[in-house]
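Here chain A shows up in two complexes: once beside chain B, once beside chain C.
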Partner chain A sequence: MAKKKASRRKLSPVTQRAPMKAKLTPRDKRTLSQLTGLADGVVVAARQRRDPHVDIPARALSNVRYSPRKRIIEMGKRTTRRKLFDLAQAKAFMQTMLVARGVKDLIDQGKSNSIRGLFYTLRGKIADTNEHTFDQQSDCDPIIEDVEVTLASLREEMHLFADPKGAMVGNIVVTDSGDDIDCSRMGSGGYAIPSIVEPDIMQFKQCNARFVLHVEKGTVWQRFNEDKFWRKHNCILTHGGGQPPRGVRRLLHRLHHELKLPVYCLLDNDPWGYYIYSVIKQGSINLAFESTRMAIPDARFLGIRSIDFERCGLSDSVKIDLNDTDRKRARQIASYPWFAHKKPWQREIKKLLDNGFKLEVEALISKDISYVTEEYTPARLKNKDWLD
Partner chain B sequence: MAKKKASRRKLSPVTQRAPMKAKLTPRDKRTLSQLTGLADGVVVAARQRRDPHVDIPARALSNVRYSPRKRIIEMGKRTTRRKLFDLAQAKAFMQTMLVARGVKDLIDQGKSNSIRGLFYTLRGKIADTNEHTFDQQSDCDPIIEDVEVTLASLREEMHLFADPKGAMVGNIVVTDSGDDIDCSRMGSGGYAIPSIVEPDIMQFKQCNARFVLHVEKGTVWQRFNEDKFWRKHNCILTHGGGQPPRGVRRLLHRLHHELKLPVYCLLDNDPWGYYIYSVIKQGSINLAFESTRMAIPDARFLGIRSIDFERCGLSDSVKIDLNDTDRKRARQIASYPWFAHKKPWQREIKKLLDNGFKLEVEALISKDISYVTEEYTPARLKNKDWLD
Partner chain C sequence: MAASQRDISVSEFFAKNRHLLGFDNPRKALLTTVKEAVDNAIDACEEAGILPEIWIHIQRNGQGPNRYKVGVQDNGPGILKKQIPLIFGKLLYGSKFHRLRMSRGQQGIGISAAGMYGLLTTGKPVTIMSKVSVRKPAHYYEIQIDTKHNRPEIVNGRGEGVVVSPGAAGAKAIEKHGIEWIDANHGTRVTIELEAKYQRGRGSVDEYLEQTAIANPHVAIHYEDPDGNQRHYPAVTDTLPPEPREIKPHPYGIELGMLVGMLKNTKEPTITQFLTRSFSRVSPAVARRICEGAGVSPRARTKKIGRHEADLVYQAIQKTKISNPSTDCIAPIGEELILKGLHQIVPGEFYAAATRPPAVYRGNPFQIEVGLAYGGGSTAHRVSREALVEMLEQSDARTLRQFLATTFDGLGTEAADRILKEARAKTRISPGKLREKDVNRLHEAMRNVNIHDGQTMNVLRYANRVPLQFQAGGCTITQTVMTTNWRAYGLSQSRGQLPRGPVTVMVHMASVWVPFTSESKEAVAGYPEIQKELRLALQSVGRKLGMYLRRRRKVKHEGERRNTFLRYLGEVAGAVHRINGSDRDELYAQLLLVAKKKTSEADVKLDDRGRPVDEPELDLGKNVLIVDPEERARQVALPQGGGEEGATDERR
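And now, the complex of A and B:
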């Protein structure tokens, strides 16, 4: 009997320590009560001698749809039942409970962790076997996503952070973990956007800015910051180091919805730039359940556009030939339901394909070092010349 | 004749506009005088009817050596002559002059650019031919490096920035482009370390910190920042998002040499972690000419170490098997001249190979979420237990 008890502890290493009790925020209390609800369901079923199970919203493409009314990608109502007493599902069931347990510990302790750190914490040999709870990170990640959608909690609410990327400057003061950060006094480096920007960690203290300009790359962001674009145009300037990480998307979402700031995106004229815009605007297909708190349907695509080669009088030397993957991706994106019925977007993508080349934002710099900050972008804003 | 003039303008698009005159810093004046010297050499040769040439320090591995006295990798004295009137070298000669010209324009204008932006600015058709000045970015990058070593200027002094990565918090106030940034009041996000941290852009205004802790990854940095490690231990906490970019290395170098702060590195226990340490400490082999202003020979490797699996009582579940590439890289690194004669390093790498597995810093988190911040790192510092 003693051996069995020891084994049980081994199965779930996170239970070994008594978690320190931290001060809980309202968000934490909500997430905890959802976690407890999940566990209670299992306990009640066991007591009533019914098979324990969890119903997990299906994260399949077939359960994702675009809502033309809300203008976001959202999940359907289909769920998948995961049962303990099913040989094919028992391991996933155990893993789901482990992740829920790990997240509960984090909230109890008032700490956060990376998904890598959580994986290590939960990984262990299952007693009397050679089986690991999780073999590798890629076994753990989908279970984390399962728990997210089951609890209807963002990963950030589960105290899980991602690798931070992206920076912000501009006419806004944010309070981050109690520190007031004046983003108009952040020099050339800027404020590094953290991975978790939920309201209990970050509050908007003061904001005079009239809009947000989001650029794709850090190098372009530096050009705009050096020319103090945000000061001249009274805005906030962000970048996400390419495809923006969750923290940056969530921050843009909050700036847009809470402070009512329009969000303009300055991205490359290629399928990747279109895709970044699509994710900012409608949400990502893989993580459709987050759209309501991540997507910004009113985000605008400021450029650069397929017509810019001629419109801006660029030289042939800035052209980069489209390859087959580019062409295929461009056609896919043109058929996305949120682009399919928009004539300006169809024209934009057709023109890209007709051009046969793509353009990076840096191409505008070939005209003049400050052309993009002093002429191109101000002209687009002044003429309300963007794609929706 | 008129046609010829137009052609000549086309060859060198950067000459088309009259550069705005910016206020020059002492560093700018020095770089400009070196650029002028480079051009003068060509002009004088032409006037005296000698063949114009530039002598470029050879960036070949055979011209790189480790100086045991200075404890950095440095370039030898060998140079390669690049001539205008040599069919094999004429294009590279022209490209060298174009890059020098582009850099001069940036300094004259008081602006900076990415290497991508410079490439676009300099790219163009050579008149009456189908030849481009540069075909692709990879043609331009080595020429930029040639100009760097010829002028003995860092890329940053040539107003060229890289993609920014990495963040800083801790007990230091820096002045960045005129803004005072108190890194002890930077919340969970931190100050985004800019790409150019030269003294005319960034000054150290006030510093109470006793040392710098540099960690490899942003996720580990967040763990340390959340636990306010830098406050408890009165230090500065930085990360470089993996292999630290030039801005982070240069900042660490300045913190170490100007403020006399010891630099401790907390990296993964694998060949990649060793390599990151090696570059921080001795400089990189590819860019040996920067070592005097980038390398920190006294940087210390705090961990994590091959003995930590046993010393810290980690569970089998944190092991990641070494693959063939890991083993090969580990042996290469063991034979680096700066590790070859150090017994502790030979033991460290031998133990890694004997273990047959590697460990990530996150493995320590499997013991307890704050084990690495509250026990492991403080113990290493207290016992002066590191590798040199």
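And now, the complex of A and C:
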């Protein structure tokens, strides 16, 4: 009983800070009803003296299916059951409920929060112990994804966003939260792609560009922007800071599907680069349920190719040796169903493994500062020399 | 050259080589003196069939910084007048050397050597007061040893001693001569003045008496230390251990030289009669086989057997199968009394004991007994601040770390380091140089630091109920404890080290002839037969400890399981309440019920892997004592009255 009293004490101030009600959109109402359903499940189970549980769709390679017709990754039906009265899952169950509560508060207040912000809001000592509800953000992030897939809600619908990462520049004018932004007049920094780019936040006002060039990271993007590649070739230039966050992927998806712009990717020649391409093209395994809104099956892989070391006559100094993880990862990627039947891709990955080294885009820059923007990329585009 | 060669008296030899007898330094001299006197006293009482009650007084003597007076009195039968000077004033005089029988002292140099040491260091004679009966007069002697001739000299009463008549006149005489005597109907008191040093902690008189009390539950001990602290260890049982029988030597146990000597001295006319009457387990048939093996006629005259034939007989003995000696000459303590003794003195929550059946090494019967106590706090936990200050002053350790590790049992250097860290004391600081504030912090730290983890097993060794306090490393008992795999029994142990944990193990070897590695009788030699028995006995108690620990760990695990759930229920209820507005407290109460149901099911039905199992009652067999730790804590918390229940330990 002492325990009960203590926890009541701890929780009562939270109850007093009643969230102010905001106007709810139909989407918010749907998310709220799903959240309530989650909580009701616990109440019903407790009333019947049963073990409360949540069924969470499994986020694993084994539970995704590649649809050859749609050419995207789809989520399977398998779920894992998270129980409160299981020693290994008790804490995760509690954390799931906390995240659901945090999301509910955000929707009620009509505000959105970063995932780090949510982690801070939910972080706290468990009553009568020294244990934190969440120790670090990496404990919280997978739980947020669990709630996302369980509710089949998008992160935006849960009023959550990640750190914005990635930038855009090019012949396009967008309206972001009511402000017109001309992406051809963004200087050297470019337009930072926000985390939420849904049509109710961002609209495309005017676009003259003919295609989208997506590069892996900011340094390469800087090179292209400085050489005004997008002006010369009339395109939109984006980067995603490595693995592109959802905002960038969603934006690429909208550019491709709404404005019918082809998407070309210029990524590093290593398993990591291949996987980035795979995520842009087919969707990620982790968030397979969002593939229909994210994946661009027609995205193309411009380079860098493993044949480029000989083709472009690069010097030995640019080689970086593959390590064991790289080799393992490369073989794994080669066996993905969406790569398994593509002979050019099998040749590409085999060549990488035979080379025994990887190449970054910077390898081309080391040959000549503008080699990649003035010769390499235009030549690939002109010759339609890409992997699909 | 030849002129300077002459006899060396035994007394002279030992006066020069006193370390051989355990008088290496003043500290050990005090212990050895008390030890010899107490051993003799208990033996005397047991032989007379009297439940021993021993009084030990150690006093500082004002005449010098290291002068002490040791008085040991027993309630034994007393000693005959004419024997007194010989027993206490002549080295190598005793009743125990020439017989094969289990007894405490063996060589008969002990008490007289202590007297000699006292005489050498203080010049004071040994005083003996002995009383045979209430009605008969008692005798009071002051004795010196003539080291040249190994012979006693009576100093008082013109070489005749003083007779103390019974009754009131006697009381007056006692007062007149300044005799120390606790009024008793019969008994002996020996008082020796010597140069010594009193120190508490490991290897101290206090430790010796405590350990003696564990292995001798039938002995009552009253002890007063130089600071006037009194400690009483009452007898736990009122039955004397059975009197060990004297046996003849077993043929396997003798050496060639001994055989030749025996042949020379025997009165038996023929070799067959010699073999059957001088040795145990030699029947005429066995004797005939030996003679056949040696190629000697069974009727050969013993006087005619020469060195060569003796050698043949000796070799034939080794080849002939002779049954083991009878083992009823050994009196073990017994499992029940070991448990009682341990429980009385070593705090703990689990006790187990094992007495092995008797076995034989080199023709000598012996028996191994092991007792184990688990869960007791270290002495470091119990020490009072005053006692700590005193120990710090007395210690000759160079650093505080060394002081902690050497003074307290079962306190490893690791735990010492942790205490020092907690006390924020410098590792290398000298124990004598601590300031008031530092001592307070140290005392606080010693009470608070969890020293269980760094605590090593405390091994108490006994030979014929006498504690062995020194040369632990060279003793086969310690070595066998170290080489036993205690990890199998739930204790952590590094290879070749003593296991860790709050464990005390007492190992008792009872034998007609305990094979010591040296005259100071501190370490048992490692015969394979002895090691084997030791190992089996240790494993037997180890198995029981293992079962107990596993069960305890499991219960703890279940408790943690329930706690884990309970911890998160409040959070879950709170979150659900915020989402759908259901009643938080009601939900919490309901979840609590589910949790109780779930974990109670798990308590009885599920094992580690979640499979249902039938939980058998923990069956540890007999000879195990489990004490509820909370019960124990309550007992300790209660103020204890005089020596009535439990040993009152001033330090506690």
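By definition in this document, the second predicted complex is superposed on the first by the 264 of 388 C-alpha atoms of A that agree within 3 Å, B and C clash if a C-alpha of one lies under 4 Å from a C-alpha of the other, contacts with A are read in each partner's own complex, and residues count from 1 in each chain.
Convention: a residue touches a chain if its C-beta (ideal position, glycine included) is under 8 Å from a C-beta of that chain, and two chains touch if they have at least 3 such contacts.
All of these numbers come straight from a predicted model, not from anything done at the bench.
A.B. asks: Now for A:Lys342: first (chain B), second (chain C), both, or neither, which partner does it touch?
C.D. replies: neither
A.B. asks: Considering only touches as defined above, state whether A:Leu87 meets chain B (first), chain C (second), both or neither.
C.D. replies: Only chain C is touched by A:Leu87; chain B is not.
A.B. asks: Please indicate which partner A:Ala39 is in contact with in the superposed arrangement: first for chain B, second for chain C, both, or neither.
C.D. replies: A:Ala39: touches chain C, not chain B.
A.B. asks: Have a look at where A:Lys104 lands relative to chain B and chain C in the superposition and call it first, second, both or neither.
C.D. replies: Only chain C is touched by A:Lys104; chain B is not.
A.B. asks: Return first, second, both or neither, reflecting whether A:Val318 touches chain B, chain C, both chains, or no partner chain.
C.D. replies: A:Val318 sits against chain B, while chain C stays out of touch.
A.B. asks: Where does A:Arg49 make contact in the superposed view: on chain B (first), on chain C (second), on both, or on neither?
C.D. replies: Touch status of A:Arg49: second partner only.
A.B. asks: Have a look at where A:Arg30 lands relative to chain B and chain C in the superposition and call it first, second, both or neither.
C.D. replies: A:Arg30 contacts neither chain B nor chain C.
A.B. asks: State whether chain B or chain C is in contact with more residues of chain A in the superposed arrangement.
C.D. replies: B
A.B. asks: If we overlay the two complexes on their shared chain A, which of chain B and chain C does A:Ile126 touch? Say first, second, both or neither.
C.D. replies: second
A.B. asks: Using the superposition described at the top, list the residues of chain A that contact chain B and also contact chain C.
C.D. replies: In chain A, residues 105, 133 are touched by chain B and also by chain C.
A.B. asks: Under the touch definition given earlier, write down the residues of chain B that touch chain A in their complex.
C.D. replies: 13, 17, 105-106, 109, 111-114, 116-117, 119-121, 123-125, 132-133, 161-165, 167, 174-181, 185-196, 201-202, 217-223, 226-227, 241, 315-318, 360, 362-363, 365-366, 368-370
A.B. asks: Contact residues on chain A for chain C in the complex?
C.D. replies: Interface residues on the chain A side: 3-4, 6-8, 10-11, 14-15, 35-36, 38-40, 42-43, 45-47, 49-52, 84-85, 87, 90-91, 93-94, 97-98, 100-101, 104-105, 126-129, 131, 133.
A.B. asks: What does chain C use to touch chain A in their complex?
C.D. replies: 561, 564-580, 582, 584-585, 587-595, 597-598
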